[in-house]
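We just call them A, B, C and D in the order they show up, numbering each chain from 1.
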Amino acid sequence: MDWILDFYNFRVVAQYIPDFARGLGSTAWISLLALVISLSVGTVVAIMRMSANQLLWRPAAAYVQAIRSTPLLIQIYVIYFTLPALPLLGRRLDELEGGIIALGLNAGAYMSEIIRAGIESISRGQVEGAQSVGMTYLQRMRYVVLPQAIARVAPTLLGQTAVLIKDSSLVSFIGVFELFGAGLLVYNERLMPNEGYLTVAACYLAIYAVMLSLTGYAQRRLGGTAG
Amino acid sequence: MRKITKLLGLGLCALGMSAVAQSASADVLKDIVKRGELRVAVQTQGPPVSFVDKNGERTGFAIEVVKMMAKDMGVELKLLDYDWKGLIPAVNSGKADFLAADMTPNAKRTLVLSFTEPYLYSDVVLYSKKSQSFVKWQDACKGGVSIGAVQGSSNVGLLKKKCPDSTIKEFAGGGAAVAQAVAADRADAGINDIASAAGYMIEYPEFKVLDGAPKRWPLSFATRPDENHLLRWMDNYFMLIRNDGRLETLADYWMRGPTWKKDH
Amino acid sequence: MIDVILSTMPFLLEGLWMTFKISLITIFFGSLIGTVVGMLRTLDYALITYPLGAYIHALRGTPFLIHLYFVYFMLPATGISWLQLEAFPAAVIALSLYTSTYVAEIVRGAIEAVPRGQSEAARSTGMTALQTMWYVVLPQAMKLMIPPMGGVYVIIIKGTSIVSVIGIAELVRAGEHATQRHPRELMLIYGMTAMMYFAYCYPVLRLARWAEAKFGSVRLPS
Amino acid sequence: MPDPAPIIVVKDISKTFDIPGRPPVHALRHVTNHVDKGEVLVVIGPSGSGKSTFLRALNGLQPVDSGSIVIDGVELTDPKTDLNRLRQGVGMVFQHFNLFQHKTALENITMPQMVVLKRPQGEAEEIGNRLLKRVGIGDKGGSYPSELSGGQQQRVAIARSLAMTPKVMLFDEATSALDPETVGGVLELMKDLAADGTTMVVVTHEMGFAREAADRVTFMDEGAIIEEGIPESIFDNPQHDRTKLFLSQII
């Protein structure tokens, strides 16, 4: 028992439970909002990219390639430090808003690629079936293609969401407190890396496990088929 | 064939020896002298304490002290450059003999690491844009004012205590990111040690240093708690160079004015 | 501004070279390990697939910094001498393992997307499981793997920046060093590093696009 | 009169599929049968009757739960048997052809020969070209499967199996996925093979083929053999009600 306390001191970690809880909540909240943004952006961009219209697919492709080819931290900095006041908002984005939007736009590029692959994997027969009963383009997408496509790529979307959640720790660079920051608090104040880092790792793993089971559930509900 | 066996035997011996070397560190100073190499974990936190200069050389006040140390020991110096996140593990795991950074000892930290007697005391100051109405640092300590600090630095705790009404923004990107935040009006003021702040004053003509210092931090090196001999040695060494004036010379050059800027 | 660009460029290029080296080695070993793991995951033995599934989820569910911390700082505590890794090999090992989890999922997905009939036909001619995998399934799965693999490689290239924690001076680290000397030019220097990432990553993505066009569109299996 | 020595002996095989949450499916119930050398056995029955499972059991693609299958003196159901070795002697033609999509027609035929039988490339190609001519598409060797019609693909698949000089050929609804106009040609080819003395087990819905080419017809339903005999007796004078019902529905 003694060596375990030497390795990882539960008593010290217990003192930081409020900080970890706050960090976990912050990470969950940031990730959730960024996820919603990324899935919406991703879906729109995926559909744009598959369009035959140059005015639609070219900007979409440029967006995806630019985001994927540059580091997230720099995207966060650009949005936070150099974006002027937004006319609609009447002010500049604050730390939290900037972080969430940067994170969402970043993940959106990756999500769009996954969703596009999912859409392309849906057989023509499905589209033709929908056309034959008189559905419009948007109806076909909304009721036939997208549900199947998303169910099919759900595990890949899950993997990307795991990346998004871990990436959310980068918003600490513009001063947002989140889960990793809570771990660093233990590290900084107590100089205890095991207690800081391993607790953080366990928290991320717990979020991941929850998502894993949620994806399995969602996939069964949406009727995603194997293969 | 015999040659191969011999080589193999030698290899195994070396493996065994290295295992022994790892376990036998009752006194790391003995190991340092035996291997002829001093391994020091440093953090490139920025000028003037520790940074990479325009020639690509690692230098700064802490680095020059360590260089002098190795020379006086008569051993080679191996600088191991870590991010702050890797600094403590590097010492804990024995990758480095001690860590040389401008770390501030406190009651809790000293439970884990042994800190030397301070080799220098450094003032902490606040700075802001000249357009701000602040004069003294206390002027920034009020509701509605945001102060930027390096994430996890001792200054964060300091601000929480001295300026409880201000909004504290912690930036993970180091002192440069804090200065950037102040310049981009993302924070009304920033906090840092006086030497770093002096550097920003040159870079940003629109900045000013606020009067007074909320704190004077002691700066120490640190090592594993069981390395008593090394700790004693370092304390002795600081006393020595303080007495013969070499420490003052270095501190004057690096910490008390922009003299170093010309050379680095 | 020009003088800052000129004076920092050599350092950034040096960092880029380190990023290039470490990412290439990592991509090589990560792909190798990942392919084997991915192939094993398609087998029907719970004794193999469950531990490998746990391996993949454990690595993907935790931040890479923790893996690096484990390999570089915690393994030495075992006292076993060959686990006393220097920074570079430690970074390569940790990153390769991390990469392998992504590659494994792509490989598994691609293999499972090759219709069952293909391997049944091969087996019915008397080919062994390995021959079937090598001559029939893998060549077809390869076409499905190339495009998503390009995406993963780009993620890994950018992910190498975390190894700076243990003192490897790659591109982001070199940029940080430069910002410390020129704090005012923070955005300029980060912009330069972004351009360098772009110069490295964009061709990789183009290559993947080209492969995608050449070998038919991706079918991501579930 | 075919040589009476049986090349396939199936004794009392059973197979049950357990699908979680559903009642188990008894795909094969105590099936016993045999195929003589040179014989053409046609298996008919409604879908889900277990005829495909039976066929797939004959080369071990579908392992069975109990019973024994002996092929040319080698017991397939013995765990010590080298299945790969055994499968070299048992050719199989699939409903969906299953041509290797990344190989040309000729390569589809040569690759297994080179990999499994270790034939040199020259010899394998010679055999491949001869067989392509034999199945009537001598000029299509360089085409990829995606460039061939269904009928052409199935001919390649038949040639691929023949190249391994099998002792017996299995046909799993080989014409079900074909366009009506190409079905005839493939059936002709199968009749040719039968006339040449190839031992064949054929699962099919083509009653015309069964009547013309079969030496013996087996009717299966719900995993069991209901009735079997020469084509005339099965088609013209079925004994069992289920056989009568099936035939009345299909013809």
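To be clear about the criterion, a residue touches a chain if its C-beta (ideal position, glycine included) is under 8 Å from a C-beta of that chain, and two chains touch if they have at least 3 such contacts.
Computed from a predicted model, the values in this text were never measured in an experiment.
Visitor: In the chain contact graph, what is the shortest path length, in steps, from chain B to chain D?
Guide: Tracing touching chains, the least step count from chain B to chain D comes to 2.
Visitor: Looking at B-C and C-D, which pair shares more C-beta contacts?
Guide: Looking at B-C and C-D side by side, B-C shows more C-beta contacts.
Visitor: Please indicate which chain is farthest from chain D, where distance is taken between mean Cα coordinates of the chains.
Guide: Using the mean of the C-alpha atoms as each chain's centre, the farthest one from chain D is B.
Visitor: So, comparing each chain's Cα centre against the centre of all protein Cα atoms, which one is closest?
Guide: Of the chains present, the most centrally placed is C.
Visitor: Measure off the straight-line distance from the CA centroid of chain B to the CA centroid of chain C, and report it in whole Å.
Guide: Between these chains, centre-to-centre, one finds 33 Å.
Visitor: Report, in whole Å, the distance between the mean C-alpha point of chain C and the mean C-alpha point of chain D.
Guide: 45
Visitor: Centroid from C-alpha atoms only, then distance chain A to chain D, rounded to Å. What do you get?
Guide: About 51 Å, centre to centre.
Visitor: Report, in whole Å, the distance between the mean C-alpha point of chain A and the mean C-alpha point of chain B.
Guide: 36
Visitor: Can you list the chain A residues in contact with two or more other chains?
Guide: Answer for chain A, listing residues that touch two or more other chains: 77, 81-82, 193.
Visitor: Residue numbers in chain B touching 2 or more other chains?
Guide: Each of 85, 89, 92, 173, 177, 180 in chain B touches at least two other chains.
Visitor: Give me the residues of chain D that touch two or more other chains.
Guide: Not one residue of chain D touches more than one other chain, so the list is empty.
Visitor: Chain contact graph: line, ring, star, complete or other?
Guide: Contact pattern: none of line, ring, star or complete.
Visitor: If two chains touch, include that pair; go through all of them.
Guide: Inter-chain contacts occur between A-B, A-C, B-C, C-D.
Visitor: Tell me, which parts of chain C touch chain B in their complex?
Guide: Within the complex, chain C contacts chain B at residues 7, 10-11, 14, 65, 69, 72-74, 76-77, 79-82, 84, 87, 164-167, 169, 176-177, 179-184, 186-187.
Visitor: Spell out the residues on chain A that touch chain B in their complex, using ranges where they run on.
Guide: 77, 80-82, 95, 172-175, 177, 181, 184-185, 187-193
Visitor: Which stretch or stretches of chain A touch chain C in the complex?
Guide: Per the touch definition, chain A meets chain C at residues 65-66, 68-74, 77-78, 81-82, 110, 113-114, 117-118, 120-121, 151-156, 159, 162-163, 166, 169, 180, 193, 197-198, 200-201, 204-205, 207-209, 212, 219, 224-227.
Visitor: Tell me, which parts of chain B touch chain C in their complex?
Guide: Residue list for chain B touching chain C: 15-16, 18-19, 22-23, 44-47, 51-54, 56, 80-83, 85-86, 89-90, 92-95, 173-177, 179-180, 183, 199-200, 203-204.
Visitor: Once bound in the complex, which stretches of chain C touch chain A?
Guide: Its residues touching chain A are 57-58, 60-66, 69, 73, 102, 105, 109, 112-113, 148, 151, 154-155, 158, 161, 172, 186-187, 190-191, 193-194, 197-198, 201-202, 205, 217-222.
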